[in-house]
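First chain A sits with chain B, and in the next complex the same chain sits with chain C.
Entry: the complex of A and B
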């Protein structure tokens, strides 16, 4: 069976890889798993370009555990033509993959600090690999907190992992939904309300945030209102991309190429550019 | 039971009351009382007269409405949150019911007497009202964002069948 080999994944040329497993996470969201030969190294926050010949290519962040070297997984929401076409594939079907690309979450900046991981909707996917890595390096950080906002209880991603993380004594997990159902016993309200209530030391905390841009914008405001410095708040900017390696200019936002200089940026660096509505 | 002095310190340390003048904190403390509720208890009942508010110090409360689908929670509140805004606005009846999801510790403020006393001092009255207006604006803002359905993807224009 073919495996994903870093050496064979060159800059613009995708390599062909078969899907070795597929999980449906939600009605419109699935995870594709690929075997790797142990040489595919990535850091949390990085993405790959995944393509289906004749359909198109899209950037997707890697959602699997970066310290498990024989597997790589992508969690994808079927939001348009390519991501829906990929969702129709199954075990044994072949896709093209190139990467990994982009800047990772700067986990070292959180050493000896409180680490806040804040996700909205599908934004938990790119953060899952970060959570695995943070747990592997747990003693490097003080409090580790995951705040996760979702549309409704039915749209919660990775319920098995959420349950497992909630059961840990060394990690705080708070989940909120925008719309409740009669069975839901958890929090209801915007993810920013979890920020308001979270226990962390503003001066010694680092936040890593991923979700819709408007959600990240308001989380940024909630965190800075609490006294955090914008240098210590990081966002993953997931706007449209084409080449993924800084060649085509498709993702350019001001002076930044989101694919090459990002997708992870500090709030202080990206805030002026977030006001630009479209690329 | 807190003494008024320690209550003033306790209030001053919360986000909602932070930066408040000492004399206003003392006035609030005079109309405040520590309270406890068991899990499952209805703390506020929709339609009943509203004559107080709570500062939650521990536990979780659900603001809810009874609907044909059962009790639907519109918002949950927790440590540091203020529960109860309807006392400030006519007709001064609770617009939602509030149910304790866990055992609740809170500080209850009796607002009829508090408002009467605050009306004697314009600065205190204005500060109190403006803090509550700020809180209402924040809740309204959050509700609008919740209604925007932020986590849904953009509407897909294609015609292909989706998905499972």
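Entry: the complex of A and C
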């Protein structure tokens, strides 16, 4: 008479990853780097579930270059119990990671189109890996534009990369802050004002947007007002996620499981659901 | 083809199942029918019957010797196949390992047609997606089911509207119909494993009269069930009425106690719970969660569904509507547990009917 003796819930079993490097990006935001031995393939827009044993597990998008195969990085804002606890870890500490999960940014839809990448706050993290990939495939697209809105100049993420991208001739970078400071020489205002002013060919453009839901909502309006079709606008959606793989139920929005059907959705598919309060 | 066993035959079946399985069946505990370990026919709730209303459940001594003269309690297949707590993994000295399930293979006796339909629905969610719940998969794949046709019903049953009962169709190893005249069971075989267990028992072939008699008992049950749920275009109807004022009206009564999701045989929502030990090790379990709890939708400082009406709407639109789009069937099997176990007696069929009536009235205006 045997017991069942099965590995329990093994799709939920993380692998141990030691932290090989850690950068503080901002006062509350850090990037953890992991060595992956080339065994971890992902596409931009996908996420992992990262665990600190004994504390909990949260979904985090992958922010590193998908074409660098020996490293994987997560950029995390410390906002609650798990993300703050992870922020106290350092070189050599072990975390649990499983994934990658979820739908990637549909980059192929942008072939021969203008590619608009629009970020709000920490939303630049999952878009950074997309920008790396888009630059690697630069000739596939026409104009490549990054519009980035941040709360204030002190909260600008990835300044080194922003500087580098700005220096390129094949990429347009526009940055705005909600609240200025004395030394800020750039734009002030919401990211939607950058959308209003941006030059792109509405009928032949694809937009990929990540940021707070309210920001994405208004960016969607600004883009469609300019004549873009909602089929060509993509959002990365966020909800409470406890499993990332369609088993725990938490991430439902209408009939969509944001973890397995998303997190990336076209505006045409997700807009009717975003409109209903508290859905 | 069907067979006949008597009560001793059933006892023999339980005895032979015990050699290979933990045998689980209906028992009387705390004044309720629960599912727990049984050793013989003597453990079954002989003579008990259940009286269910919105918000109430009462066991009463029936006036028969029936072993299955009740309908159902709060437990279902889910109680044992997808238990309230399940271990996931342990972490020790830098590595994670899956926590083994210490349970033996199970044989469950007494499940009804709606319970089998609910298991099929949980199979779809937990086994047929891109990822499998391996804890459930292990328990499920080694499960032996002795199901029972309903020869009695409760006022909250509406399986006939959901096409899930009361007659057993599939999903069992052996299917019993209890016949009280000359107390015996008509046995239908649903699998090879079922056939081989039956072959080892003292049994004989059923006559066509015996079959017809058993069948008629089920027909009478089916015809006696009066509670209805109109499922016409139900997913679209609910999607069109997400902002109905009805949701707030229900929320005024709903206590968000989560009884309905716990008793519902198809609800599958869980959350992980971590624990730590003094030696630096840690463990994770998954526990049942509910879309009625505030934490369930917590995100970035606030729950997405803070109002009671939005949480009731999530429950009802998921059970009856979006589930169809997600998994191809309704998430409701019409067992009535959520009605019986709701402390204030909210009735999903009445709420659905009221919402349809309101829309009809509005259209008529």
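Keep in mind that, in the parts below, the second predicted complex is superposed on the first by the 265 of 279 C-alpha atoms of A that agree within 3 Å, B and C clash if a C-alpha of one lies under 4 Å from a C-alpha of the other, contacts with A are read in each partner's own complex, and residues count from 1 in each chain.
Keep this in mind: a residue touches a chain if its C-beta (ideal position, glycine included) is under 8 Å from a C-beta of that chain, and two chains touch if they have at least 3 such contacts.
Model, not experiment: these values are computed from the prediction.
Asker: Determine, under the contact definition given at the top, whether A:153 touches first (chain B), second (chain C), both, or neither.
Answerer: A:153 sits against neither chain B nor chain C.
Asker: Give one of first, second, both or neither to describe whether A:230 is in contact with chain B, with chain C, with both, or with none.
Answerer: Touch status of A:230: no partner.
Asker: Is A:38 contacted by the first partner chain B, the second partner chain C, both or neither?
Answerer: Neither partner.
Asker: Taking the superposition on A as described, I'd like to know which of chain B and chain C A:180 touches: first, second, both or neither.
Answerer: Touch status of A:180: first partner only.
Asker: For A:79 in the superposed arrangement: first (chain B), second (chain C), both or neither?
Answerer: After superposition on chain A, A:79 lies in contact with both partners, chain B and chain C.
Asker: Of the two partner chains, chain B (first) and chain C (second), which one does A:24 touch, if any: first, second, both, or neither?
Answerer: first
Asker: Could you tell me which stretches of chain A are touched by chain B in one complex and by chain C in the other?
Answerer: Looking at chain A, the two contact sets intersect at 79.
Asker: Within their complex, state which residues of chain A touch chain C.
Answerer: Touch residues, chain A against chain C: 1-16, 18, 51, 53-57, 79, 94, 96, 238-240, 242-243, 245-250, 252, 254-255, 257, 260, 276-279.
Asker: Can you tell me which positions in chain B touch chain A when the two form their complex?
Answerer: Result: residues 15, 60, 62, 69-76, 78-81, 101, 142, 145-146, 148-154, 156, 158, 160, 162-164 of chain B touch chain A.
Asker: List the residues on chain C that touch chain A in their complex, please.
Answerer: 19-20, 86-89, 91, 94-105, 125-126, 129-135, 137-139, 142, 239, 242-243, 268-272, 274-276, 282, 284, 286, 289, 291, 296-300, 304-307, 310, 313-314, 317-318, 321-322, 325-326
Asker: Which part of chain A faces chain B closely enough to touch in the complex?
Answerer: 24, 27-28, 77-81, 84-85, 87-88, 120-122, 149-151, 155, 176, 178-182, 184-190, 192-193, 196-197, 211-212, 214-215, 218
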